[in-house]
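Read the structure below first, then the notes.
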Amino acid sequence: MAYLEARDRRDRVAEWVDRNAGKVFILPAVLTLLAFSLFPLLVSAYLTLTKLKFAAGGFTLRYVEWLNFKKLIFGSQQYHLLGTFDVFGIVDWLILGAIFALLLFFFVRYLIRPGTTVVGVVGRSVAFVVAGALALLLVATLGGGFPGSLVVTLFYVFAGVSVQFALALGLAVLCAQNIYGRNLFRVVFFLPIMVTPVGIAYMFRMLADTHKGPFADIWTWLGLADFSWAADPWTARIVVLIGDTWQWTPFMFIVLLAAIENQPRDQLEAARIDGAGGWQIFRDITWPAIAPVAATIVLIRLIEAYKIIDLPNVLTSGGPGIATESLTLHAFVAWRTQDLGGSAAVGYMLLFVATVTCLSFFNFAGRRTRRTEL
Amino acid sequence: MRVRMIDVRKSFGQNEVVKNLSLDIADGEFLVLLGESGCGKTTALRMVAGLETVSGGTIEIGDQDVTNVLPKYRNVAMVFQSYALYPHMTVAKNIGYPLKLRGTPAAELDAAVRAAAEKVHLEDLLHRYPRQLSGGQRQRVALARAMVRTPSAFLMDEPLSNLDAKLRIAMRVELKRLQSELGVTTIYVTHDQVEAMTLAHRVAVMDEGVLQQVAPPKEIYDDPANLFVARFIGAPAMNIVKGTVEDGTFAVPDGAVSLGSIAARGDVYLGFRPEDATLAPADEAMLRARIYSTEMTGNETIVTCEMNGEQVVVRADKDYEGTLDAAVGIDLDPGKARLFDCDNGRRIRR
Amino acid sequence: MNIPERTLLRRLFLPYDITSMAPATKVLVYTLLVLWLLVVLFPLYWLFITSFKLPIQVNDGPDFIPFIDFEPSMHAWHYILFELGNDTLRPYINSVIVAFCATVFCVLIGSFAAYALVRIQYRVKIGNVLAFLALLGLTVFTVTSLGAPLFAAAPVAIILFVFFVAAVGRYFRRALGNDDILFWIISNRILPPVVVVLPVYLMFQRIGLLDTHIALIATYTAVNLPIVVWLMRDFFAGIPLDLEESAQIDGASRLRIFFTIVLPLARPGLAATSLLILILAWNEYLLALFISTADAQTMPMLVAAQNATRGPQWWYMSVLIVIMIAPIVLTAFLLQRHIARGLLVGAIKG
Amino acid sequence: MNITSLCKKAVLAPLAGVAALGLVAGTAQAAGEFEGVEVNIMTFTGPQIAEPLQRRAPDFNAMTGAQINIVTVPFSDLYTKVLTDWASGTNSIDAAVFAPQWGVDYIVPGYMENLSARVAADENLQEDDIAQFFREFSQKFAGDTYMLTLDGDFQMVYYRSDVFADAGIAAPETWQDYVAAAEATHGQDMNGDGTPDYGSCISKKRSAQAYWMILSIAGGYLQSQGTSQGIFFDTETMAPLVNNEAFAAALDIYTATTAFGPPDEINLDVGDTRSLFTSGRCALTIDWGDIGTLAIDPDTSQVIDKVGSIMLPGSTSVLDRATGALVPCDAETCPHAINGVNRAPFAAFGGWSGGINANADDKVKDAAYAFFSHMSQPAQSNEDVTIGITGFNPYRLSQFGDLSLWVKAGMSETAAKDYLGAIQASLDSPNMVLDLRIPQNQAYQQVVLDNAISRLAAGEIDKATAMQAIEDGWNELNEENGVDDQLAAYRATLGL
């Protein structure tokens, strides 16, 4: 057979590629990721233990052990990362006690359930310890103290993602109705995602200006002329959140809308014949159908929300004080002042918290919603 | 071209799906691999195509060992159950794709595509896309794509199963005709015994990864090698009744069949086809049963009887009218009855 | 049967037929949608008209409608496009080059990996992974803290790794499968840019590529890769395997199948994914701030820089943002119908 | 064509003509000398500082063939971008225009080109015309010239002369006067739009330039014995001077002004306060020389000829460094006091200056130097300092001496005298306050000081905590950088 013989070199190369397709196809991605994430991660880990100093013709890294972390968690930067703590009152203790009891309950329940695995125990231990620590931090700083960048970031992440999800779901449900101009709404609603985040930040600074912004008159009419959102920690954080919501709701909206439109028609019709109304159809048919998508999109937003920086940086420079400073901005500010070690240390704290929450969510919600799939 | 599988095995992890399969398919032969889904027949076909690696044994096409040769060098053509038409290419592009990959000059390619399309009556649809075609037309495109070059073998994986009943019969006829015209060795996988019987030069029946019997259709039907083949081939299937053989007689609680000279042995299965039995008054017949249901198919009536908890099917005249639950007798032609070993299911030859 | 009578009130709150909404619901739905429409459009409108305002008009407080509230002026456009001319054009061209190249590379490499993870089974020995990590850590440590030269440490590490894999690796039984690899790839997205950007900065500094297009393109390719893999995987999984096998038998190589069959069929996914990556790369600010300085400065840097000591230059900033949105919106409109579907398929299976 | 560009044309056209004449007369650059040379100059984003560079780059290109690219980054990133680019050996930036106080961090590790020889050989620069303070402070380090001054910076107080006249208030002499005047004017409508305006607008935004404002206020409390006393550290022990009664008094003034400022003062950058002041919404503000020229820009200003400028106010009691207490002014404690008020004008920032990367190609260095020289030469500079948009403030003797320059630019003669008088008085003051120029000064001020002040302003912490935080932060930085090294550097900058 001629085709089996006389294979020229090009053929041999092609055949080699075919036989090693597994490696050939995945290697570029793996190498890229190794070079740009695994390798930097290790170098970064080393950086957290050093202090950078500029010297003639370059710079040196001095090994300082855990100094950078100590500073952040116990030392002069504690107020910055963790916040200023309040003295605990009875209410604080009660809240904490309730949270800890709840965590313990879930943990014990998992332990005595059949099918407990080593990985599961380790994973849950970490998740519950982190959740407990964060609860402690929240109670300590939000009661009478002052939250640091970690708590502020958690606020952006959880408040932001919930609000955006609720809005996006509502809009998607509305848009999925049988209405005219559906495509127009869909296209326009998608617009915000195309604007550069820095631009969005400036745009909202323009809009939020109470002197010359478009809402100045409304602001005055509300009797708030002598009040500035930028001077109050919570209003400042909320303005940041509004910008974030404007920017990110579209992404969730577009995916949820597609999911709703994609749900099986026959189930809908069956429910209708069975006499279900709008809300019942949503609760019993639509929601279970889109739950996996919803879980995934929330996970993505969780991951991305931890990286928030442009909005607080531009709107308030992290002010008033450090009230709107996110972890990424915190790390960025540290970098700007040549504190590379401190910057990397903040980054690692961020990585740790983000990984634990995202993984916990993935394991908890991801599995749960998938059960409803056929 | 001659295709040989010698002692071929295939496992997925712990699960061995093809066990020591040896088949020798002559040049130009139409061989049908028949079996229930999951019996390993498709895996066997895919190994010939090169889509699965081989866990053990050798595959030869012509006189070449192709066991470890990539599919593209085997020069086989395959028709898939789903037809596997490229949805983003026109019919002409689809048919011409194998030639294009071989660097065939444009003019030659066009001519070949046209010729192949004419063979399956597609010449007017060359510029359409697969989604614009009916199921039967898509099937033809897939065939044309297989025929556009001269392959060493046609491999067909249930190519007709996605067509409706009428079209399937029409295409079966076409296919048989085309194959004999082209004279290309063909391995055809199906679970449909009618297809197997009508198309094949030889049928290979497989079960649980093991080849049960390879023989021409008639032989498979008349002379099944074991209980599995006997049960599998024929619609309605062969009746199997459990009993004992003593003194040349097959005995069940409700009757006996005299078989002539045969050594006495314990439990056996007696198999007989519905057309080899006749209904008779209950008290005169060899076996006694009750009528369970009757189905009139037009040219005959299929009578299902219950005998000692087992169902036995008998073909009767189309005018036969039986009352449900009425007692009835069954006579059969002992010469056409087959005996099977109760332990391993093998034929007991007389 | 109890069909309610259609009173006026009921007419308001009950739909006329099954395909339409009740008038009251309709009003509510439209109101809410139009409300959000305003929420989305008003900031953009404000941005747009601000670009036509004089500084004094901006400072004097809100003016809403051009020609009525204020006389539009082209001064900001003139300043950005003509007076700055080159200093605007340079970052713009940089952005175009970086964003488009990064998108192409990212989608290509990511698609390769996504396809491989769908179609090929991987088994990566845990022992090898651990060895690799240990050696990488060791190399980083010796290079950064002991001052060993990279060009000496790297080959030693590679040789050690090969030795380990050959000698010890096979004693480790446990292996990672496709799902583990996929999870690893996606988990890279959790990495906050601030963690990796310092080493990436040092890395590019070592090889002298800081402030070049290559550095930005490579970085954007890497950080967006997880998204591509994650989105494209399900597109590829949705392509019938038959098509690829058919092409394989027709004689196409793996690469050829990927480019002529798989990619064209995944076009909707490609469109949506590319658009998303384009948006991300086009708008990225933080990484660009670290990696680019003068030659490779991109547009977001220019926008960010408009916050001058004389207060933010709203008018210039607005012009810059408007000219930055334009090409993306244009691309998005061209790919519009793919977006939703494209993003969905990826999300469904996660 | 619209109003702005018409106006700009009207202003710029004659200037361009003068500039052209200046070129012909004053420059000795050979045509096409730098043909094909490309120079990347980094500065912060325009129009200030970047605008004149961008505007004059094409002229320079026509003259010498050098292609000047102006690369701009936000102010807060400028220091780091330049430092990392040069320290890492990337060398994308050939030259930069930045704060001269940062120079120390660039010069000590050897990143910056020594320009002494070039300056000595450059007649057109007319170095003697540059005021001594800028010549010594902004251009030189350890006796050698490393930077070329393009801008002169002092902080001053501006007030609305019309509002003050109506209310019968005199220009403030002490910071208490300042607060009192702010209180008196707060709530009046000063620009005739019917809404109440503000008594005092001071930029207090975080990560911006607010920390200079607190130092401007503190100067008069902390330094009374002349420039060499310094306001940051004890010159013997390097102990920070931030945790004492004097600094506390300054912080009190700082927080007191907030009550008479805009509600979002805490989020206002210096640019925002400038536009507030020039749009007539503030009675008082602290700022550099910029407001003088911005106030006469018809494009943006509603306060033309309604602005008074004075040297920074002072205090009647000053710090006793031995005890940390405030003591009243007398001949011994306040030798430079006038009318019993100790004033200490703050040379904040020191003026934007151009420096050149030592690792650039020689040809590029020459071109960059020629460009900076071109920008600084009186022919160009004397126009640029009169244009508000440039952000350049006067720093040459000829610019103080020649009123016609300012009148031509649109200032009334009185306003010009007032404005230049305030700058000149600051410049001539023996008790002028020098900005911090020790290594890592950016960390001391832009990080530690800025953080504490902004948290105080936001009400997160109280005064005592803020002062403690600054003291601890500065001590920590002293430790990290070596107390003795820092002390030596600090003493050197004060001429000790």
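Note that the chains are named A, B, C and D in the order they appear, and that numbering of residues resets to 1 at the start of each chain.
Basically, a residue touches a chain if its C-beta (ideal position, glycine included) is under 8 Å from a C-beta of that chain, and two chains touch if they have at least 3 such contacts.
Only a predicted model underlies this, so the values are computations on that prediction, with no experimental measurement involved.
J.: Looking at mean CA positions, which chain is nearest the middle of everything shown?
T.: So the chain nearest the centre of the shown protein is C.
J.: Could you tell me which pair, A-B or B-C, is linked by more C-beta pairs in contact?
T.: Looking at B-C and A-B side by side, B-C shows more C-beta contacts.
J.: Would you kindly tell me how far, in whole Å, the mean C-alpha position of subunit D lies from that of subunit B?
T.: 94
J.: If you average the CA atoms of subunit B and of subunit C, how far apart do the two points sit, in angstrom?
T.: 53
J.: Return the distance between the CA-based centres of subunit A and subunit B, expressed in whole Å.
T.: 57
J.: Quick check: how many Å separate the C-alpha centres of subunit A and subunit C?
T.: For subunit A versus subunit C, the centre distance works out to 16 Å.
J.: By residue number and range, which residues of subunit A touch two or more other chains?
T.: If we look for residues of subunit A contacting two or more partner chains, we find 15, 18, 211, 335.
J.: Note the residues in subunit C that touch 2 or more other chains, in rising order.
T.: 59-61, 202, 253, 304, 306-307, 312
J.: Where does subunit B touch two or more other chains at once, residue-wise?
T.: 70, 72, 75
J.: Name the touching chain pairs, would you?
T.: A-B, A-C, A-D, B-C, C-D
J.: Going by the contact rule set out above, which residues of subunit C touch subunit A in the complex?
T.: Touching subunit A: residues 18-21, 25-26, 29-30, 32-33, 36-37, 39-44, 46-47, 50, 58-62, 64, 109-110, 112-113, 115-117, 120, 122, 133, 136-137, 140-141, 144-145, 181, 185, 187-200, 202-203, 218-219, 221-223, 225-226, 229, 253-255, 258, 279, 282-283, 285-286, 290, 299-300, 303-304, 306-307, 312, 314, 317, 320-321, 324-325, 328-329, 332-333, 336, 339-341, 343-344, 347-350 of subunit C.
J.: If you look only at subunit B, which of its residues touch subunit A in the complex?
T.: Interface residues on the subunit B side: 61-62, 64, 66, 69-70, 72-73, 75, 152.
J.: Which residues of subunit A touch subunit C in their complex?
T.: Within the complex, subunit A touches subunit C at residues 14-15, 17-18, 21-22, 24-26, 28-30, 32-44, 46-47, 61, 63, 170-171, 174-175, 177-179, 183, 185-199, 202-207, 211-217, 246, 250, 254-255, 257-259, 261-262, 272, 278, 292-293, 295-297, 299-300, 303, 306-307, 309-310, 314, 327-328, 331-332, 335, 340, 343-344, 346-348, 350-351, 354-355, 358, 366.
J.: Under the touch definition given earlier, write down the residues of subunit D that touch subunit C in their complex.
T.: Residues 2-5, 8, 40, 42, 44-48, 54-55, 69-75, 77, 81, 84-85, 88-90, 92-93, 193, 209, 269-272, 274-275, 279, 290, 294, 299-300, 302, 389, 391.
J.: In their complex, what parts of subunit D are in touch with subunit A?
T.: For subunit D paired with subunit A, touching residues are 76-77, 79-80, 83, 87-89, 105, 108-110, 195, 205-208, 262-267, 276, 281, 440, 442-443, 446-447, 451, 454-455, 457-461, 472-473, 476, 480.
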